[in-house]
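First chain A sits with chain B, and in the next complex the same chain sits with chain C.
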Partner chain A sequence: MKKKELKKSRLAALLTHEKWGGVAVPMLAILLALITASILLIVMGKNPIVAFISFLQGSGIVPKAKYGGGQGILTDLFTTLNTLAPMLLASLAFIIGFKAGLFNIGIAGQMLISGFTATVIVGYSGLGSFIAKPLVVVVGIVTGGLVGAIIGWLKYRFNIHEVVASVMINYIISYGTGFFINTYYANMLTRSMQICSPESRLTLMNVQIAGMKCNIPLGIVLAIAAAFIVKFIFDKTVFGFELKAVGNNATCAKYTGINVGRRFIFSMAFSGMLAGLAGVVYFLGTYNTILPKTLPGMGYDAIAVAMLGNASPIGAIFAATLISVFQCGSNYMSSNLGVAKEISDLITGILLMFSACGGYFQYVAQRRVSRERDLLKAAEKEKEGEQ
Partner chain B sequence: MEKVFIDGLSFAMPLLVMAIGAIYSEKSGITNLAVEGFQGFGAFVGALVAVILMPTLGDGSQTVIYIAMVAAFIGGGIYAILHALLCINFRANQTISGVVINILGTALTAFLTSTANKIMNGDSSNKFILGVCDRFTIPGLSQIPVIGGFFKNMYAFEFIIAGIAVAAWYLMYKTRFGMHLRACGENPQAVDAAGGNVARTRFIAVMLSGALSGVGGICFAYSISANFSPSIYMGYGYLAISAMIFGNWNILPTAAVCLFFGLAKSGGYQLCLNMGLPSNYSDIFMMLPYVLTLILLVFFSKKNHPPKAVGEVYDKGKR
Partner chain C sequence: MEDYIVEMRHITKRFPGIVANDDVTIQIKRGEVYALLGENGAGKSTLMSMLFGMYEPDSGEIIINGKSVKMRSSNDATAHSIGMVHQHFKLVDNYTVAENIVLGMEPKKRALGIFPMVDMKKANEEIAELSKTYGLEVNPTDKIEDIQVSVRQRVEILKMLYRKADILIFDEPTAVLTPQEIEFLLKIIDGLRQSGKTIILITHKIEEIRRIADRCAILRRGKLIDVLDVKSTPSQEMANLMVGREVSFQAHKSEGKFGDVVLDVQNLTVQNSAKFDVVKNVSFQIRAGEIFAVAGVSGNGQTELSDAVYGMLKAHSGSVRLMGKDITDLSIRERCESGISYIPEDRHHTALFLDFTLGENLAIRRYYKEPFSKKGILKFDEFNRNADEVIERYDIRSGQGRKTTVRSMSGGNQQKAIVGREIEEHSDLIIFVQPTRGMDIGAIENIHRQILAERDRGAAILLISLELDEIMELADTIGVIYNGELLKIAPADTLTSMDVGRYMMGVKDA
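On to the complex of A and B.
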C-alpha cells in the first residue's frame, strides 16, 4: 500500500517537474492510448504486440518478413517521411498561432490554396527543376502567408474571432478551388486535378538507394529546419518573446507597449506561411494532385499533433513521427492482422483525446504535490512544537 | 421556383436542429466545435439501428426512420458525454477538445461501420444504405401563392424538427433550467452562489447539444445522401456553427439564418440550372453562405455577443 502511494507521488512529482513535465505528460498520454488500443485489439481477438510491431514494420522502422521486387525497408521509411514532412510543418504552423493565443483552425484551407496556386503557377509551367522547386516553395509560403494575414487582420480590424473566420475561409477555399479544378484543370479520368510536373514536385520519385526504390521528400529538410527556426524565434528573439507575451496575457502585453493587433497579424501570417509550405510539400510532394472540394484532414490532425508535442517545436517532431508511423503502418498492419485499416485513425484519435487531457493530469499531479507539501510542513511544525 | 423553397427548407431544417444544439452548448459556456463529430456519430447510431431493423420491418417502412431518429438522438447524446467529460471534468481546452472529438468521430464511425458491415454482410464497405424519408404536402397551406412552396413535398422529419425547435426554444427561454443554463454561460459564479450546479447544468447542455446534432445528422443521411458514409462529414456541422454566430447565439435569428442558408443553396443551384450552366458552377453558389457570413461579420461582429464565460473552465475559487 505504502509502496503504491510512493509511486503515485513520484509520478506526480515527475508530471509537475519544471523541466521533465513537458515530456512526461505526453508520454503518459501515449501510454494510456497504447493501453486502450491494446484492450481494443484484445477484445477483437488480436495480439496487440504483433499489431504494434506491424505498425513499425509497415512504416519502415522495423524490417518486414519479405518485400516486393525493388522494395525494401528504406522504401517504407521514405514513405513515412513523406507523411511526416507536411504534418510537422502543419503542426508548427499551429504552434506559432497557439503561442500567440490564436487558434489557427484554417491550416487545412491554407494548405489547399497554396497547393492549388503552386500547381497552377509552377506545376504546369514546364520550368526546369532548379527554378521550379524553389519557386513552388516561395509561392506556397506567400499564398499561405497572405491567407493567414487576412485572418489576423480580420481579427485586429473587425474583432472577428479567428476560429470563425478560418472556418469560413476554409470552406470558401474548398469550394472555390473545387470550382476551378472541376472547370479548368480536371483530369476527366480520375476526377482530380491534373498532375503537376515532376520537375516541380518536392519529392524525388523512384530514386534507387541500395537497390531499393525510394521516394525522397525534400520537404523533410525544410520541416526539420523550420522546427529549429521556430524554436529559435520563440527562445531567442524579441519578436518571439512578444508573441508569447501576447498569448499569455494580451491586456498585460498591451500595457507594456506591445502593439497586440499587429502581433496578431504577424503571427497569423507566419502561421499561414508554414501552413502554405506544408500545403506545397503535401500536394506537390507527397501527392502530385488535388482532389476537388476536399480539405486535407492533416490540417486538423496537425492541431492535435501540436498538442501532443506539448506545443513545443521539438516536441512536434516526435509527435508528428509517432502519428505518421500509425498512419503509414496501417496498411501493413491491416493486411497482417486482418483488422480494418480504420483502426489506425482510431488509435490516433484516442491518442489525441488523452493528450487533450494533458492539462488535467498536470492539474491533478499539482494538487497532489501541494497537498503533500502542506502535510510535510504541518508535520515539521508539529515537531517544532514538541521541541 | 417551388423547387427552391422545397429544397431550401429540407436543407435548412436539419441545419437548424444542429445549430440549436450548438447554441445549447455555447449558451451554457462550453465552446462547441464538435457539432460535426456529434452529427456524424448520431447519424451513425441511427443508421446502424435502421440497418439492423430494416430486414424485420421491411425496407420501405417509415417507422424505421422514426426509430432511427430516436436512436440518433440518444447516440449523439451519448457521444457528447466525451466532449462534456473532456471540457468539464478533465479541464481540456474546449476548442481543442472539439477538434479531437471531430477527428475521433470520423475515425470511430468509419471503423465501426466497416466492422458492422463485416459482421452483418461479410463485406467491409463503409456505407449503410438507407432509404429516403417520405414526403408530405399540406393540403390548404400549399395553395398559397409564392410561399406555398414551403408546404409542398415536405419531408416528414421537417415537422419533427419544427416541433423540437419550438420545444428547445421554450426550454431555453421559458423554464428555470433554461435560465440556469444561460446564466452558466454568462456568470457561472453567480449560478453557484445561487445554489445551482454549474458542472451538472453544463453537462446536460452538452449532452442535449450532441443529441440535437445527432438528429440533424440522421436527417441529412435520410434526405441528401440516402445512405450513411464518411461523406456525412461534409462540413455542415461547421455551417451550423456559423449560423449560430450569425444568429447571435439566439434561437429565433438562427432559424432565420438557417432558412436563408438553405434558400441561398437551393436558389443558387436552381439559378445555375436555369441559366444552363454546367453543374460545377454550383460550387460557386455553395460558397455563398460562407462568403456572406464573413462579410456580414465584418459589419456586425462589434454587435455580436457570445456568452461571456464561453470557453473557460469553471473554477470555483476564481472571482
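On to the complex of A and C.
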C-alpha cells in the first residue's frame, strides 16, 4: 500500500515538474492510449503487441517479414516522411495562430489554394528543377500568407471572428478552385487536376537507395527547419514576445502599447504562410494532383497534432511523427491482423482523445503535490513541538 | 451551555498552492453581529463561502442549530436559512427589483385555471411589504440597471429576507458605498439584529466593527488568531493582531511644492460603446508635485476618464495635453514614451499577463528598447537584472522569484509588481486607479508612501479611488465626479469627507 502511494506521488511530482512536465504529460497520454487500445484489441481477440509492431512495420520503423520487388524498409520510411512533412508544417501553422490567441481553422483551405496556385503557375510551366522547386515554395508561402492576412484583416477591421471567416473562406476556396479545376485543368480520365511536372514536384520520385525505391520528400527539411525557426521567434524575438502577449491577454497587450490589430494580421499571415508551405509540400510533393472540391483532412488533423505536442514547435515534431506513423502504418496493421481499417483509425482517435486530457492530468498531479507539501509541513511542525 | 446558531469546527480548505483555511473553529451566537476581520487573502471569504455552500471543506464540520450539516450548494444553505450578500452583487441587470428578488422561488398562479404563470402582482406587493417592514426602501418595479449601487445592495438584502434567512452574511458590504450610505447600512444591520437575525460581517475596516459588531474573529493567513469582545478591545490592538505587527494609521505627508502644469485636460468627452457620453465635458489641470484625486461612487465615469487620458479609449471631443504637448490623438505607446504611467483598475485584465513570468511582466514597459532587446532579439540577462532589482526594491513576494508565473501570485503582490513597474518609469504623470483595492493595511501603507514619494519627486499624480479615506489622506486637490461630470474641484484642505460625500451623491453648490 505504502509503495503504491510513493509511486503515485513520484508520478505527480514528475507531471508537475517545471522542466519535464511538458514531456511527461504527453507521454502519459500516449501510454494510457496504448493501454486502452490494447484492451480494445484483446476484446477483439487480437494480440496488441503484434498490432503495435505492425504499425511500426507499416511505417518503415521496423522491418516487415517480406517486401515486394525493389521495395524495402526505406521505401516505407520515406512514405511516412512524405506524410510527416506537410503534417508538421500544418501543425506549426496552427501553433503560430494559437500562441497569438487565434484559432486558424482555415489551414485546409490555405493548403488547397496554395497547392492550386503553385500547380497552375509553376506546375505546368516547364521550368527546370532548380528554378521550379524554389518558385513553388515561394508561391505557396505567398498565397497562404495572403489568405491568412485577409482573415486577420477581417478580424481587425470588421471584428469578424477568425473561425467564422476561415470556415467561410474554406468553402470559397474549395468551390472556387473546384470550378477552375473542372473547367480548365481537369484530367478527363481521373476527374482530378492534371498532374504537375516532376521538375516542380517537391518529392523526388523513385530514387534508388541501397536497392530500394524511395520517394524522397524535400519538404521534410523545410518542415524541421521551420519548427526551429518558429521556436526561435517565440522564445527570443520581440515579434514573438508580442504575439504571445496578444494571445495571452489582448487588453493588456493594448495597455502595453502593442498595436493589437496589426499583430492579428501579422500572426494570421505568418500562420497562413506555413499553411501555404504545407499545401505545396502536400499537393506538389506527397501527391502531384488535386481532387476538386476536397479540402485536405490534414488541415484539421494538424490541430490535434499541435495539441498533442503541447502547442510547442519541438513537441509538434514528435507529435506529428507519432501520428504519421499511426496513419501510414494503419494499412499494413489492418491487413496484417485482419481487422477493419477503421480500427486502426480508432486507435489514432483514442490517442488524440487522451492527449486532450493533458491539462486535467496536470491539475490532479498539482493538487496531490500541494497536499503532500502541506502534510509535510504539518509533520515538521509537530516534530518541532515535541522537541 | 451557550446557544450557538452556527458552529464551524476545525475547518480546513486547500486550494492549489495555498491553505485558505487552516483548522479554523468559530462559534456564532444567536442574534449577535459577528465580524470576521482580516487582511485580504486571510481566508474570510473562503470560510463564509463554505458556510454558504459554494465550496466544501476538505475537513471539518459545520453545525447549524446543533445539527451537523453538509453544504453542497447554496440551495442547501438557503434551506438552512442562511443568506449571503456577495461583494459583487449577483443581480440580473435588465430585470426589475421584484423579479430579481423572487427569481428561483416565484409566487405562482394559474392563468385560466390551467397554465402556470409567475404572479408578478403578488410578488410586487410582497416585496413592497417586506421593504416597509425592514426599512429597506426600494421600488419593486425599477430595473436594476437604473438604480444606484446602494439600492442594489438593499435588493440583495431583501433577497435574503424573502428567502426567510435568519443568518445573514455580508461580504465587505461597505466597499462600494459613500459615507452617508454606510451610515444607513449600519443602521439597517442594527435593525436586522434587533428583529432577531444573526449577522456575520466580513470586513477589513475596523471602524465598522467598532460601530456595529458584538464579537470579532481575527483571521490571518488562513488561521484563526483570536476572537475578541469588541467593546473591551482597543482598535489599535485589533489592527495589530490582524496584520501581525504594529501599524500606523497616518501616512506622513509633507507640504506640497507645485511646479508647472503637467496634465491639462480641456472639455474632454468620452463615449462608451453605446455612443452614450460617460465623461462629460471635463476640464482639469494637474501640476508637477500635485496629487489630484477624483472621488466618486463607482461607475460615474472614473474608469473611462483615466482610460481616455492613457489612450485605452478615444476621446470623443476635447483635448489632453501633457507638458504642453497635445497627446489627444497619440497611440498608447507614444503616450507612454511622452511620460505617462498607468496603474489601471482591473489588474488581471489590463495590467498583467497572468501566464507570463514575473520577470517578463516587469519588463513590458521596455522590452522593445535597448538594452532589453537588440535588433528585435530579446536580451534575457537584462530582463533578469531588471526583475531582481524591482522585486528587491518593492518587496514583491512570490514562490520562485522572477520565474514565478504571475497567476500563482497573491493579489497584493501582483499589485506591488504593477506599482513597482510603473513607478520605475519615473514618468511625469502617473495615473493610479484604485491602487490599494483589496490590499491589507500593511501593503496599503506601503503604496501610499510610494505615491507620496513620487509626488515629492515632482510627478503629477492622478489618483482615482472609491475609498474616501484614501482620497482625504493623499489628495492635494480633490475633484468629485458624478454622472460623468466633475461637479467640484477644490483644494483638499477646504473640504471635509462629509462635503465630498455630498458631492458624490450629486448635490451641487447652491
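Please note the rule applied: the second predicted complex is superposed on the first by the 380 of 387 C-alpha atoms of A that agree within 3 Å, B and C clash if a C-alpha of one lies under 4 Å from a C-alpha of the other, contacts with A are read in each partner's own complex, and residues count from 1 in each chain.
Convention: contacts are C-beta pairs under 8 Å (C-beta built on N, C-alpha and C of every residue); 3 or more make two chains touch, one makes a residue touch a chain.
Remember, it's a predicted structure, so these values are computed and weren't measured experimentally.
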| item | value |
| --- | --- |
| Fit or clash - chain C, chain B, common chain A | fit |
| Contacts of A:228 with chain B and chain C, given as first, second, both or neither | neither |
| Touching partner for A:255 - first (chain B), second (chain C), both, neither | second |
| Chain B, chain C and vertex chain A (Cα centres) - angle in steps of 10° | 70 |
| Contacts of A:20 with chain B and chain C, given as first, second, both or neither | neither |
| Contacts of A:67 with chain B and chain C, given as first, second, both or neither | neither |
| Partner, of chain C and chain B, that touches more residues belonging to chain A | B |
| Touching partner for A:357 - first (chain B), second (chain C), both, neither | first |
| Chain B versus chain C as contact partner of A:345, first or second or both or neither | first |
| Contacts of A:182 with chain B and chain C, given as first, second, both or neither | first |
| Closest approach of chain C to chain B (Cα atoms, Å) | 5 |
| Residues of chain A at both interfaces, chain B in one complex, chain C in the other | 363 |
| Chain A residues touching chain B - in the complex, by the definition given at the top | 103, 105, 154, 158-161, 163-165, 167-172, 174-176, 178-179, 182-183, 293, 295, 297, 300-301, 303-304, 307, 340, 342-343, 345-346, 348-350, 352-353, 356-357, 359-360, 363 |
| Residue ranges of chain C touching chain A (in the complex, touch as defined) | 14, 16-19, 310, 312, 331-333, 336, 342, 344, 349-356, 360, 364-365, 367-368, 373, 376-378 |
| Complex contact set, residues of chain A against chain C | 236-239, 241, 244-245, 248-249, 251-252, 254-259, 363, 366-367, 370-371, 374 |
| Sites on chain B touched by chain A in the complex | 33, 82, 86, 89-93, 95-97, 99-100, 102-104, 106-108, 110-111, 114-115, 118, 124, 235, 238-239, 241-242, 245, 278, 280-281, 283-284, 286-287, 290-291, 293-294, 297-298, 301-302, 306 |
